[in-house]
Structure formats: C-alpha cells, structure tokens
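First chain A sits with chain B, and in the next complex the same chain sits with chain C.
Now for the complex of A and B:
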C-alpha cells in the first residue's frame, strides 16, 4: 500500500505579487516570495522597503495589490494571528510614563492574559532580554539599548512562534548588539522562526545564513547566502593576488580570455572576471608555469557585502 | 475571539495616559475661565446678567470653552498613539481594532466629562455666594423671562427707569442638575466628535479647530444654525425656542430651512477638512495623512 502523500507544507510567509504604495511612492513592487521558517535576515539599505515589507507581513497595513499570507492566512484583518507572532517595530516610542514591566504587562493585558499570567510572562520575557534590572524604572529614563531590550521583550513575552524584529540592532552598543544576536540565534535553535531586518550586512551574517535581499522595493534575491553567492558568478568577480612581481604576473593574466579588467599595485594584481569558476580552474597551472611566487589569493567579493553590492547595482 | 479583555486593557491604558499626561491640568486651566468669568460678572458688574451662572454657562462655557476642552482633551485620545507610533503595539495583539479604539474612547471621554463638570460645580458654588437681591424702592428692575413661557425672550419691564438694575437670581439645585446634564451630554458629543477626528483624519487638531470655527463662529452667525445634540439639548434645557425647525419636524413650509440645516450639517466636516488643507497646505496635509 502506498503511503499517503505528505500534506503540502504551508510556508510561514507567502507574498504573492505584493505591491504597496504611499501616494505616488511605491514602497514594495510586485514582491513574490515564500519564507519557510527558521531565522531569516531581511537585508537592504535604508529606504529599500524593509519596514513596509514587515508591516504588510504583520498585517498592520494591507498590501495595495497582491496577497500576503502568514501561516496560510491573510496577514491583514486576521487578529488571531497575533497570538502566533510577536512584532518589534523600528521606532523608539513607548508609553513613557510606565515602567518597563508595566509596559509589557499592559500589552499582555490587551492580549487577554489574566493578571497572574501577565506578571509571570512579563517577568520571564524581561529576564530573557536581560532587562529585569531596570524593569521597574520608568521608560523615559531608559537609554537606547534599554529601549531595544524592552521592545524585544514585549514581542516575545507571549511566546510567539514567529518573531519579527525590525532593525533591532539599530543604534545599540556592542554589548547589547551581541546579546540580541545571541538571543536570535538561541530562538532559532529552539525551533522558533525569526525574521530580522537590518541594513548592516555583518549583523545579518552574524545571525543567519538565510537572507532576503531587498532594494528599491524589489526582492533581489533570497535563500542561503552561499546560494546567493552563486549569483555573483553572473557578474564580474574580483580576485586579488598578492605577489612581489606584480607587473610580470599582470602580463600573464592580461592574456587570459576570462580576465576582463586588471589593476596593478606595487605588491598585488587585482583582476575582474566574468567566469570565476573557469578562472580559478586555470589559475594554478598559470602560476606554476610562470614560476611567479603568489603569497595570497583573496576575493574581496567573497562576503555578503559584495553579494549585496552586486545585486543592488545590477 | 473575545474582544472584552482587550477593550478593557485599552481603556485602562487610555485612562492612565489621560491621568499621567499634562492634558488634565491644561483642561482644568481652560475650564477655570468659567468660574472666573462668573465671579467677575457676579461680584464686579452691577448691571451684569440676571443670572450670571446660567447665562455665562450657555453663552461662553457650553459654546466656546467646552468645545475647546473637548478638542484638547479628546483629539489625542487615539491620534496621539497613532502619531508617535505606539498604536502599533496595540494593533499587533489578538484583539479587533474596533475594540482597541472603543477602549481608547472609554478611557478618554468619560474622564473628560468628569473634568468638564469641575468648573460647573465651582461656578455654581461661587454663584451661591451672590445673594438674590431686589431693586431699591423706586428703582426699576429687569427680571428674568418666565422660563415657562417659550418664545418670550424679552424681559418684563415695569416703568422706564433712568438706570435699570439687574435682579440677581441664585441658581438652585434644578439649575445645577440641568447644566450638569447638558455639560455631560455636550462633552460626550464634542469629545466623541473630536476623538473620531483623531481616528479618521490626518492633523485632527487643525481639522477640529477648523470645525469649531466653522461651526460656532460662521454657522452660528447665520440664520440657519446647525442643530446638533448639545444645541438641541440646550434649547430643551433652557426652553429657548428653536429658530430653525429641525428637519424631522419637516412641515412643508419649513422644508427649505430644514434642508439647508441638514445639508449644512453634513457639509461641515468636509468643509473642516478642506479648510484644514488650506491652512496647513494641502500637500503637507496629505503627506501627514499617509
């Protein structure tokens, strides 16, 4: 007997031709993307449309066109979804007259939790983001870092399946940055899904290899950073070779058909190639034949910064 | 989904915002104008109103001060959170948005009613200290119109005096009950109107101010006054005859003025938004609305 076919998995997030505009400004353009789960970094420069993406995703605004589904349900107009998600917005405003603890408890009250649950859940969340020490101070006395911790605490207080963090590392000191990055990783290890936005590349790299690149309202690429890295191969790729005989090496490399551009420095040669795989394959033989000593071979493009630069400039 | 816990939590939050912010002091300060004027008229002006409490209540407190108090107190009940972005914390909870908004209303308008009654009570106490007097023998007096005779706005005059003198009346418990009721209902009406502006439109304060100007100053001067709840109530409470028939009393001969009245009532909010767009610049208004 054949085993029953597995039910088709519903992606955590499903954007189908989502467009969102404000007046004449188009913030998201025809975005279609599935996000399966896990920790995902939403990456893009300021003004790329990240916050709009997250607002449509959290159902705080409807798409102007298309469909945004969360757990298979319309993200907008389905308040029950907020039991399963926690949202940490990018702005820095609170009910300033409250203490941090009151703030979290008040929002848990809107959730419908009873007073004992509110106290327990708030205490646990504040403890988790290391905010317990200052939780009984009024929010208007908080530093930027304390505010960020509090925002994250209110988002995870009700133990959501999906945490959506909009620029949580914005303007915080290295210690808090490390704590939040560690928290995101930890949540990922616990099986929670986290979508975290940032315009700083190494921050996202530190949290997850799964990224969505967004630029000018369009999703440029998504997936594992290494898969996206493969996209670079369609573009000219830089390789820097450090050598004491830079001019001699440049002469040999200039004759190669896969080298499209060449820059000579006193101790290095930097080439650009549209076919990095072929070039890497041929390079050892070239070096051996020439007898030129090469101390270091380094590709400045082998990081997320370069992926991002390539894709957004493309 | 049970909306009640979210509604109550939202109401508690709005009440705390109301009590913790500077709004209540501003409102009390604004409301203090009423007892201030009452005391000036009652003690300092010999030929002042017959009953300063009632007349100033009707002419100044209900028409101007209360309107401004409602504008100041209720508009930011929701729009404050919308402008600074904190509403996003509430809207990302498993509670329908209407319940959040209704909770905010519950935490904003009833406290506003309580605050609006404070100046009324103070003025009433002040007015108790103005003794009801009678004119000296041989001097003419102006007596108040008989409240039971609607339409007789003119005072009863005796012989033509060289310098008429008012007879002050001390307001009684019935007066207090009536003005308190009128104040409460008018505050609910104006408060709800401005609260709704805060929910529905961009720049609600400007729109609200334009509404007040249009409503009280411009339309108040026309023969076709707009009759909304508080004005109808005022008419009922003080038995002031209604110069313009309400549209549901639409005898055929009253139809033109009734039509003007009802159409005007519908146009006032739109006119207010239009005026606000002119005041702040329409591009800027629309940009904020986004």
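Now for the complex of A and C:
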C-alpha cells in the first residue's frame, strides 16, 4: 500500500500575479510571492507599493488582477479571516474623543469579543506595549509615540497569528523605536508571524534577516538581508533628529566617530553616517546621558533609493 | 524564553482561548462607539441638549395654545412640528459627522480590517443616529399624547391611547430612516461634517419652500415634493381616528388621498441613499 502523499504546505501569504492600480497609477505590478511565516521585513522607498501590498494582504483592498491568498483563502471579502490577523496601519488619526482603552476595546468588540473579554484583552495588550499609564486619556492628547503604541496594542489585542505593521517606526523617538523593535523580535521568538514594512534597511535588519525588497510596485528580491548589506554600506545613511535643543545635540553628535556630516536646523539635526549600525546602537545611550529631549527620529529614504536604483540598473 | 531585559515584553502573555459573541453584536458595538463619540464632541452635545430642550418647550407651548382634546390629533400636530424641527436642526448636527468623521480619521481601515461586513458598519451608524434623534420626535409627541388625555374631560379610551402610542412608534422610523439615510449619504461624500450639515439643510429647506409654494397654488401633489410633506401624509394615515366627535385627522386624510405614493417616495429615497453610502464607503476604504 502506498503511503499517502503529504498535504501541500499552504503559505501564510500567497500573492499570484497580483496587480493593483489606482486610475492611471500602477501601485503593484504582477507581484507573485509566497511568504511562509516568521518575521518578514517589507522594504522599499516611499511610493514603492508597500502600503498597497499590505492593504491587499489585509483585505481592505481587492487586487485589480491576480489572487491574494491569506491562510490559503482569498484575502478580500473574507471578514472571518481577519480575526487571525492584526493590522497596524501607517496613519495615526484615530477616533479622537475616545480614550486609548476605549479605542482598543471597541475594536475588539468589532472582532466579536464579549464585554468582559474585551476589557481583559485590552488591558493585557496595553500593558504589553507600555501604554497602560495613559490608556484612560483621550486620544487627542496623545503624542506620536503614544499613538504608535496604541496602534500596535489594537493590532496585538486579539492575539492574532499574523501581525502586519505598516511603518511602525516612522517618526517615533529612539526609546519607543527600541521598544517596538524588541516587541517584534519577541513575537518572532514566540512563534508568531509578523510582516513589517519600512523604508530603512537598518530598522528592518534589527528585527529580522528575512526581507522582501519592493520597488516601483515590483518585488525585486526576497530572502536574507545579508546579501544586500554590502550594497547599502556604499551609501552614507542620513538620519534626522527633531529636538528643541538642536545646537546642544549637534555638539554631542559632532564628537561621535561615526558621524561624517552634520547639518543644523532650528529644530532638528541631520547627520550622515557610513556606519549606521554602530550609530543606531549608540544613540539611545547618548540621548539618555545628555538629557536632551528628542521628539522624532526620521531616516530619509534617499540612501535606500540609491540601492534600489543600483539593483534596478544591475 | 523571553528576554528579561525587554522593556515591553510581558512573559505572562498567553493566547486567548474563548468564545465569540454572535455576529449580530457587531452593529451595536459600532452604534455605541459612534453615539459616545458624537455625545462627547462638545459642540454636538450642546446642539443636542439645546435643540431638544427648545423642541420640547416649543411643542408643549403649541399644544397648550391649540387646546387639543384628542391624543391622536395632538400627536399629529406635534409630530409635524417635531419632525420639522428635528430634521432641520438635529439631523445635520448628528448626521453630518456620522460617516465623514470616519473618512476624516481613516477609520474605515480600522473597521474593515476587522471581521465585519459593510452592512454591519452601516447598521451600526444608522442605529446610532436613530437612537440620538428618536427622542427629539418621541418626547414631544408623548407629551402631546398624554397632555390632553390627562387634562381633558372628554372620554378617551385606553385602547385609543395604546393605538396612538403604537402608531407613534411606527412613525419614528418613517420620519427618521429617510432623513438619516440622506444625511449619511451626504456625509459620506465629504470629509467635512459642516459641509454635510449644510448639504442636508439645503436638501430639506429648498423642497419644503417649493412644496409650500405649490400648495399655495392648490396643486394636489404639492406635498410629494418635500420630505416633510411626505412624512405628514403618511402620519395622517397611520394615526388612529378618534372614536367619536369631529375629527381633524379625517379631513387631513382627505387632503392626502394617496399616502402610498409618499411612502414609496420615502422608501426609494432611503434605499437610494443607503446604496450611495455603501458605494462611498467602498471608495473611501480603498482610497484612505
């Protein structure tokens, strides 16, 4: 008697020739990719099609052509499937008159959780992202970092199998950045799957070695990040730090060996570094020691764009 | 094993294992959160409070002045007035922000990445508006119905009173469903709540003026032009006739000889508006 054939493994995400356009603009072009699971970074410059990719994946937008499958089922028009995913969109406009706790509880209710479960799950998720202290304040009083934590809390609260984070580190301060990176790594260690998008290679690299490169709506490559590390290092990395004490911060940063160039503006300092890994590693301690308040950390994607141009031309 | 130095990882975090409530509970959750948001927005809260207070006061004054003797006729009179005021003032205040607020805050992404259908969303939003607006019509009419029954020496049977209250409950959705649907439709076409409010005001006021002008010209179909005219025509037929004595309602029924046409117009406007909201939500959802 023949042994039964093993059941074919269903990828977590399966895009088959997915194209998506908005009027005359093509955001995704014939994308075909399986994503098996684990922590995966979706990397590409602004306007590459990352958000469209994630919107098609979360079923909030249908593909214009092709098939997008999530857990083996069509991603669009299958709401019961969405309980298995947690989506953290890139925008941070919320229902401003709710408190953070009400916001998370309401979205749990929309998922179908009962009132007691809503309270328990929301409290647990808010604790986990260190948002419990401000959870009972109205959302319109929140800073960018608080909003970011709240977004992650609502995505985590129902304990989804797959977490989808769209630019979760965009514009947040170094301490929150470190927390979110740590959270993603922990989720990966717990066996959860996470797809996280960014236009900064070093952010993604801090979370996972598995990346999908997307540029001008096409998937250029997917696999291990180390294969393109050499490319990115040829391009100095820009980092902009927003702070009310720009001159003081510039004085401290100028003494760092990894800073090759420095531009001071009234409310920000922009540096360029050939060794971003070392710089990102040292930055939280530098800021804590100096006591200077840094509101926002932002990495323009011009360096990544250069790598993509290189890849495209190659 | 978790990393103990991790600042936000809680090692006690475990997957949740439990049951889900019925799918029908999605709409009430959305309704409750929408109502809470609308009431908390201070401008809307003030508008509601002052609007309702003025409405109740005005209607009670009207009743006293008219010396109405029979509950169904008192309700008929106050119904017309309260529908007029609540539609003109409260619908744009409550309805303007219903969908436009969500478009403005990109809330569709939050809602539709969860396990709900668009119908659940619309039902929740509609229910929120109905619950906020219904007291604006019900309270004055209930006062109007009970006031003559308590003060009048004319005999009013309990059966008649019960039928009046039942008719009143039926009339609230007749008046409010089309108003809410149209206001949601306008609200779904813009991100700005005040623009939606002005849109509703124009849609309500202009046909009303045209209808009144045509009525002056003694055209029998004049009431079909305006929202208020159609609602009044249906109300005249739904409210029970008094058991004895002369009846203003009987005369009104003669005036609105064909209430089905009004009911059909209101139903068509309601369905058309909901279809537009459905379409607009889909569009906003894909563009946000």
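The definition used in the following text is that the second predicted complex is superposed on the first by the 221 of 314 C-alpha atoms of A that agree within 3 Å, B and C clash if a C-alpha of one lies under 4 Å from a C-alpha of the other, contacts with A are read in each partner's own complex, and residues count from 1 in each chain.
Note that a residue touches a chain if its C-beta (ideal position, glycine included) is under 8 Å from a C-beta of that chain, and two chains touch if they have at least 3 such contacts.
Every value quoted in this text rests on a predicted model; they were computed, and no experiment measured them.
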item: Clash or fit, chain B versus chain C on superposed chain A; value: clash
item: Touched chain A residues, chain B compared with chain C; value: C
item: Partner chain(s) touched by A:95 [first = chain B, second = chain C, both, neither]; value: both
item: Chain B versus chain C as contact partner of A:107, first or second or both or neither; value: both
item: First, second, both or neither for A:46, with chain B first and chain C second; value: neither
item: First, second, both or neither for A:58, with chain B first and chain C second; value: both
item: Partner chain(s) touched by A:189 [first = chain B, second = chain C, both, neither]; value: second
item: Partner chain(s) touched by A:24 [first = chain B, second = chain C, both, neither]; value: neither
item: Chain B collision site on chain C, chosen from 4-12, 148-156 or 274-282, when both complexes are overlaid on chain A; value: 274-282
item: Chain A positions touched by chain B in one structure and by chain C in the second; value: 22, 58-60, 79-83, 85, 87, 89, 91, 93-95, 97-98, 106-107, 109-113, 154
item: Complex contact set, residues of chain A against chain C; value: 22, 55, 58-61, 79-83, 85, 87, 89, 91, 93-98, 102, 106-107, 109-114, 117, 121, 124, 127-130, 154, 158-159, 178-179, 182-183, 185-186, 189-190
item: Touch list for chain A against partner chain B, complex; value: 22-23, 58-60, 79-83, 85-87, 89, 91, 93-95, 97-98, 106-107, 109-113, 154
item: Footprint of chain A on chain C - complex, ascending; value: 1-3, 6-10, 13, 15-16, 18-23, 25-26, 29-30, 33, 36-37, 40-41, 101, 104-117, 285-288
item: Of chain B, residues touching chain A in the complex; value: 1-2, 5-6, 8-10, 12-13, 16-17, 20-21, 84-86, 88-97, 100, 286-287, 290
